[in-house]
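Each of the next two complexes has chain A plus one more chain, namely chain B in the first and chain C in the second.
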Partner chain A sequence: MANASKESQYIILLQQLEISLKRGRYVRSHELATRTLRLAEKYVQSDSWKNAEEVMQWLENTADRLTKAAVSESAPSNVLKRLIKTVQEDFMTRKNQGRMHTISRLDSDTKVDYSEELPDLRSDILGAILDLSSELENGAESIAEDAEKHINANEVIMTIGRSRTVEAFLKRAAKINKLEVIIVKCGPFYQGKDLAKSLTKSKIKTTLINDTAAFSMMSRVDKIVIGTHTVLANGGLKAIAGCHQILLTAKYFNVPVLVLAASYKLSPEYPFSAEMKITNRFVSPEELIDYKDGDMIDNVQVYAPVFDYVPPELVSLFIFNMGSHAPSYIHRLLHDTYTQT
Partner chain B sequence: MLSESKKSGSPPRPPPSEDISRDDVRAQREAKKLAKAARKNKSFKGKLANPPTSTSENEHPVVPYPAQKSLKTGTTSRALEVKPAEANPSSQSVSIGVSADLLKSDSSSPSVIHSLFKPKKGKELAQSNVSKLYPPFYNVGLKVRNNVIRGANSQCVKLLDAIKDYVRCYDVPPGTTFKHGLFADLEGNMENLKTVCSFSISMSNAVQFLLFYLHNMPDDDGKVIDFKNEILDVIDQYIVEKIEKAVEAIVLYGLEKINEGDKIMVYSITEALMSLLVKAAEDGISYELILIQTRETKVELADVLEKLKKPTSDQTVRVSAVNFSSALYKIRSCSKLLMGGHGLFTNGGVMAQSGSGQLALVADTYNKPVVFLCETFKFCDRSPLDFLPLEEYMPEQFQTEDDFLEPKLIYDVTPSNLVTVVITDIDMLPSNGLAATLRVQEGSTPAKL
Partner chain C sequence: MGKGEVEEQEDVFQAILLADNFGVSIFGSEWADKQNPGGNQFLDDDEDEGGAQNKSKEDELESGFTQESLMHLGNRKLIDYALEALTVSGVQEIYIFCSTGIRGGDALKAHIKDSRWSDLTVKIQVICSEDCQSLGDALRELDAKGMIRNDFIMMATAVITNKGLKPWLEMHRATMKNDKGAVMTLVHRVVPEGHRSRSTNSRTSVVVDASTRKILAYNERVPDKRIKVPLANIKEEMEVYLDTVDSGIAICSSSVLPLFTDNFDFANMVDFIKGILMNEEIMGNTIYVHRLEKGYANKITDFDTYLGISNDIMERWTYPLVPDMPFGSNPDDSIYSMNLNFVYKVTDVVCARNAMIGPNVIIGSKTKVQEGVQIRKSSIGNNCEIGKNVLIEHCQIGNNVKIGDGSKLCKSIVLDGSVIKAASIVGPMIILAEGQTCKIAIEDTFEKSDDEEESDDEDDFKSEDSFAPEPDNQESDTKRFCSEVLESILRAFTDNVDLDNLAVEIHGSRTANFMYFDDVPNAVVKGIIGVPLKLYPDFEQMPPKTQWDKTSEVMVRFKKLMPQYVKTEKAQKTVLQALEEHALDNAYFRPLLMKVLHYYYDIDILSQEMILNWYKTPSAYKGAAELRKMVEKLIEWLETASEESDSEEDDE
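Take a look at the complex of A and B:
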């Protein structure tokens, strides 16, 4: 009885998550990541699996399923794929317990049989999930700890759109040094005002400008600090629309760019083809065209993509919650976080 | 010294007996805290202006460690000095805290960015002057200010029409000649009008031209009616030559640049650009148009579509619109970027709608030609390196109650190295060749604005 209810619990969670993704009922990828982690926790707690191989299979299938539900969101599948690696590692540690050579490389030639049943594997995986969950919660704070290192006194910082991580970062920096912030509002959502209000409350002098004015103001900016939606496998970004242009301008004016990203944003996906296409989302262009002009735009195609691809050359430094790295180092982080499939 | 800090509302001091018995380190820490609180509560000036005369009220006769922060700007020493509290109040005792405290959160020092947008002295709206303004001018001014008359060319034409009206109805005041009287009155009116609405470059140049012409008119007595007719003719000629014919010339040159099957990205729509697009469609050239949209240009999109109604409906011209933030999404598939200019400068910079600099950079990065269309009468004898000198053309910046600034930047300057060519009514020129060309053509240095 208890088993059945546990099983149905995770199935229900999975269905709910899928529906939210399909309908676009989510705001931040942080929320998606936490929900996915809870789902995985419920699965591991249930009795639906016997050995590590079944867990990994389920994780992979669920990751595929959630990606199909919303192609542009990578946070759920990132979390699940990370768990695959964690399960493998836990399995190997358990198996090699007591043996002298405990360093077993996961990419070694010998095929590992994951279908071996290990008794304590469940508690191990649950522990790992707990660690990951606390990492998720404290992501913004641990990134903000680096704020003092990078932001000096009297600097003018530019940021794009609204990012919770950047907000925490700037507030932390403002406790130590006086700084000013320019917030750039980018379409299609133009979400800068809330961030401006929040920063002003923390006694940071804020200016809110449109993305059209970014070029004019760039010469006065000392650094750019932005958040991103996803960090791609080549070190590039999938960030909000408008970022690529603004970062191009930053390169033109030689302004360093810091990207703050929590670990669940690191994705093993590459941008497709030479044209660097990314999985994008298109929303209603109601900001651009009034509904009352509807009959005039019968023959007009209107596009409002949400994301932008930013090539790795435009980023100076990534700050993850596990440390700061250059874009060229991302491949190593990927290797440590995800398994080679 | 310490009581001074106490006055400013710092945490309360313990009674003296406990104080004396405290450790060195603990007293230091306490003093540091007080100094920090004192700094937070008082501004620099306040502290300097408020000499520590309150030591007479010092309730703690023997406190071994000083807490007063050094007020002399420039002192950066970090040494700790031991001074008794009743020591002379004007002694500049040295700060315990780090001298970088000078830079710490001090809400009274101005923001670098906010001070860029502060209205300059002497530019305040003089309400009383509006009453001295000739009513048709005020009319035009309000329409320009509220964006009812859109587009630099139409604004200029409407202003010149109002000036013609003024000249027709002008009565020479006693004691001056027609020329001097009209010059002074017209200049006064224009100054007053500038307080109602911000002049665009086209308007400023037109007024400048007229005043220059007036200044050079012969001084001798003649019939007032002859003078008036002369001026009206000059204004008409200006409108026809510099504005209407110029647009036609630009369209002729521009047609060479629009080819069959082209994909053109368009921003900063002016009359010249609009006429070019319409003419190209009328000539049967089938091209694709990608309009870059921002929230401010919603109305212009409606205009464009209205004018291009027939070509779009029979698919000669295929139009798509993209948000400014996603211009990069489309730039690769475009063949060129076409923009209308509001002004040209001596250093080759082009003034256009805010965002053109950004788009020019994007197009340049992907190796697409950046073409500006600008009439020569919009040439301005300045060399701005960025948007700040253009403040006089932009409306007042108001600060919202929430204490963050949201400036409205309408124009910006595209540097000349990002511009491929500027199509003007005299020729197609590289942007930095304009000054030389104009000088040769007009044979004189243009009037400085």
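Take a look at the complex of A and C:
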């Protein structure tokens, strides 16, 4: 009985998540990741599957379905694809329990049959989901723990727009060292303002500047710390619009760029893949031009993209919750996190 | 989402969605009229009331009729935009009211069943009614059913908004705390005149209290930039909104439905607003307006706004209600992706390399576009075939449409499954219906634009404003109404009924026959004049002196009734017209006409100016010229009187 209700639970969760994605009604990718994980948990708890193969199939189908619902969001499919890898590993360890097996066996060409039913697999996967969920919950904090390693006393840090991870990171750093923060407002949404408000409350010396002033201020900046929407497979970023030009400026002045990202932001997709899965999101141009201005809007095309693609050579270092890596190392992380398909 | 539902258990969030505008089509009446010779396939609802409605309803049943709310807009159905706005705001019960009868209702139900709306936890109920001729009737019916228990949202179908409705509902509730009589908050979006998404006919003016945004005066039209505000409503600080349009969204208190039931002459929103304002002091009800500066909320009211809003959608003003967001679609529906110039395509679209597509174009799945094609500001449905060198501008094209080589389409709507032959010219302002090909010369535009202006004027007054014969189809209702009024007056005369009761009776027949207030003077005058005819079977054989005595007796008896109905110059015009019609129909009355006119002039029902005007305006009726000759004496007298009064004034 309890299982039957669990079954319907995950179907409802899936529908709700899909609908929010389709409608574009969600606040942060973190929210999406958490909801996806909760969905996966409910599915694994249900009686809808018998063996690892079925779970993996479901995860893959669901990832596809959610990607289709909102092509610009990668968090749900990243979480699910990561679980596929976890299921594979859990399956192998269970299967080979008691036998001596090396990791090299896993990578060999022999095709593994995942349809074998293993009684303890469910609790293993649920355990892995639990780990992942605590990782999601504490992601920002564990990244912030690295702050003291990267930020030295009296440094001038520039950041762009508002990222909650960056916010936690800077506050942490300010506890140990004195620092100054320059925030680029980041039009047309000006999330930078909110960050400035929050940092001043924590008594951090904060300067809010216009996007256009980034170049003139850059010579004073010691480091740039930004968040990102997605880290792509080539080490590039899908980050808030306006990042690209500011990071180019940073390159010109040779200012190091630190990118903070929780693990679910790492995507196995390349920026220009055949399926063009990495897509931008264009929102209403009302922040850029007044709708009342009838003559103008009838004759001018106004685009309001949310994201920029930033090539990997502009990034100096990624700080993930599982450690810091250079962009050139992303391929290794991908290999550890996702299955090769 | 789940959390919200739990909180709302007792307090269900309800909405009424109107699937059509009770016979007033956004595509206008001219279309249907113009296209009638070609058959009945063409859309659809007439703007005329009453008889015309019934007629077009029959047509609908025979033809490939498309429910208006299921028309395409950016390759979606119109109603999907409204449903999305409602469901995303957490509305739990939606009542869709459809006045085009069972057939239209079935189409709607089928659409909702097929689409994702049916999987949502929202309760959607389609209510069909053929009897409802107005918004008022619809709301009265809903009130009788007792389904709406809370404050609710009322939305027209062709509303497109990307704002959440819940904050507005809360805002309205906050207003209600301060003002117990607040019954409605209207949402008006700032869209200045001349904007592509504002109808040229929209000349609404709203006068509000600057601090509370309570409506003090509401005029649907500002004729000469004059705005009337009732004296009692004058406040220290007032704001006048001339740059807003009604977004078709109204947040209503639960008392709105009973108000409609109590006042059976409220036919539409304007009646309601004006009625509430007029009786504010007696009933204590008030209406507020919310002026929306940011965010999208607009309503399609005519073809221009239809095209304007389709461009707004393509240019993403309505985000997230844009073509590449798959809201409201089925899981297996194709997904659009946006390209430069706001061109939306599905990956399986085949486009020739030299086809010029954009700006603002959406092309549906599996559509083929051949060489040399130019498409601008248009939507094209699924599985269409567009031949070589076709030009498409400002068009909405349905699914499975075939367009032959070299055709030109402009400012038109092509419904599903149409086939257009090679080298055709379609448009402007044409609707092509299912499977029917129609070729219309461009020259028609000039005539049409003239027609449009004329008919616009007619719409302004919603009644027979000219002396031309009425359209046949309206006759039956008008006739029935006239005969009912005549009966009432006759009974009042013989049984000596109180005039107030008579007025109520006339009012009742008016609502029962869906007549406008402007139709009443005509019926009343004909009624009064017609009483002696009914009373004495041999009246026409009586000597003229007796005839006049009898007639004047009735006129005197009801002399207090007339001022109630004849308040404006327009009404005077109607009275004159009614008298003329009666005289032309009844030979006996012709000699009496002069005396009748004189009498009404004496008791200040008809002004000298209006009589002279009428006299000078030639009429299309046969015998009208002779009739005018018969009243020459009176005219002469009036003219001299006017000269005298003029000279008197001069002397002073």
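Definition applied: the second predicted complex is superposed on the first by the 330 of 341 C-alpha atoms of A that agree within 3 Å, B and C clash if a C-alpha of one lies under 4 Å from a C-alpha of the other, contacts with A are read in each partner's own complex, and residues count from 1 in each chain.
The rule we apply is simple: a residue touches a chain if its C-beta (ideal position, glycine included) is under 8 Å from a C-beta of that chain, and two chains touch if they have at least 3 such contacts.
Owing to the predicted nature of the structure, the values given are computational and were not obtained by experimental measurement.
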Fit or clash between chain C and chain B when superposed on chain A: fit
Degrees between the directions from chain A toward chain B and toward chain C, using C-alpha centres, nearest 10: 80
Partner chain(s) touched by A:T67 [first = chain B, second = chain C, both, neither]: neither
Partner with the higher number of touched chain A residues, chain C or chain B: B
Which superposed partner A:E286 touches (first chain B, second chain C, both, neither): second
Touched partner set for A:T228, first chain B, second chain C, both or neither: neither
Chain B versus chain C as contact partner of A:S142, first or second or both or neither: neither
Contacts of A:Q15 with chain B and chain C, given as first, second, both or neither: second
Chain B versus chain C as contact partner of A:F215, first or second or both or neither: first
Partner chain(s) touched by A:Q301 [first = chain B, second = chain C, both, neither]: both
Chain B versus chain C as contact partner of A:S77, first or second or both or neither: neither
Least Cα gap, in Å, left between chain B and chain C after the two complexes are fitted on chain A: 9
Chain B and chain C contact sites that coincide on chain A, given as residue numbers: 285, 297-298, 301-302, 304
Touching residues (chain side chain A, partner chain C) in the complex: 15-16, 18-20, 22-25, 65, 68-69, 71, 276, 279, 282-286, 291-292, 294-295, 297-298, 301-302, 304
Interface residues, chain C side, partner chain A - complex: 1-2, 84, 88, 116, 119-120, 162, 190-192, 194-196, 198, 243, 294-296, 311, 315-320, 322, 325-327, 329, 331, 335, 337-338, 341-342, 359
Complex contacts: residues of chain A adjacent to chain B: 153-154, 156, 174-178, 180, 182, 186-188, 190, 196-197, 199-200, 203, 205-217, 219-220, 240-242, 244-246, 248-249, 252, 275, 285, 287-290, 293, 296-305, 308
In the complex with chain A, residue positions of chain B that touch it: 100, 103-107, 109, 111-114, 116, 293-296, 298, 301-302, 305-306, 309, 312-313, 315, 318-330, 332, 353-355, 357-358, 361-362, 365, 386-387, 402-407, 409, 412-413
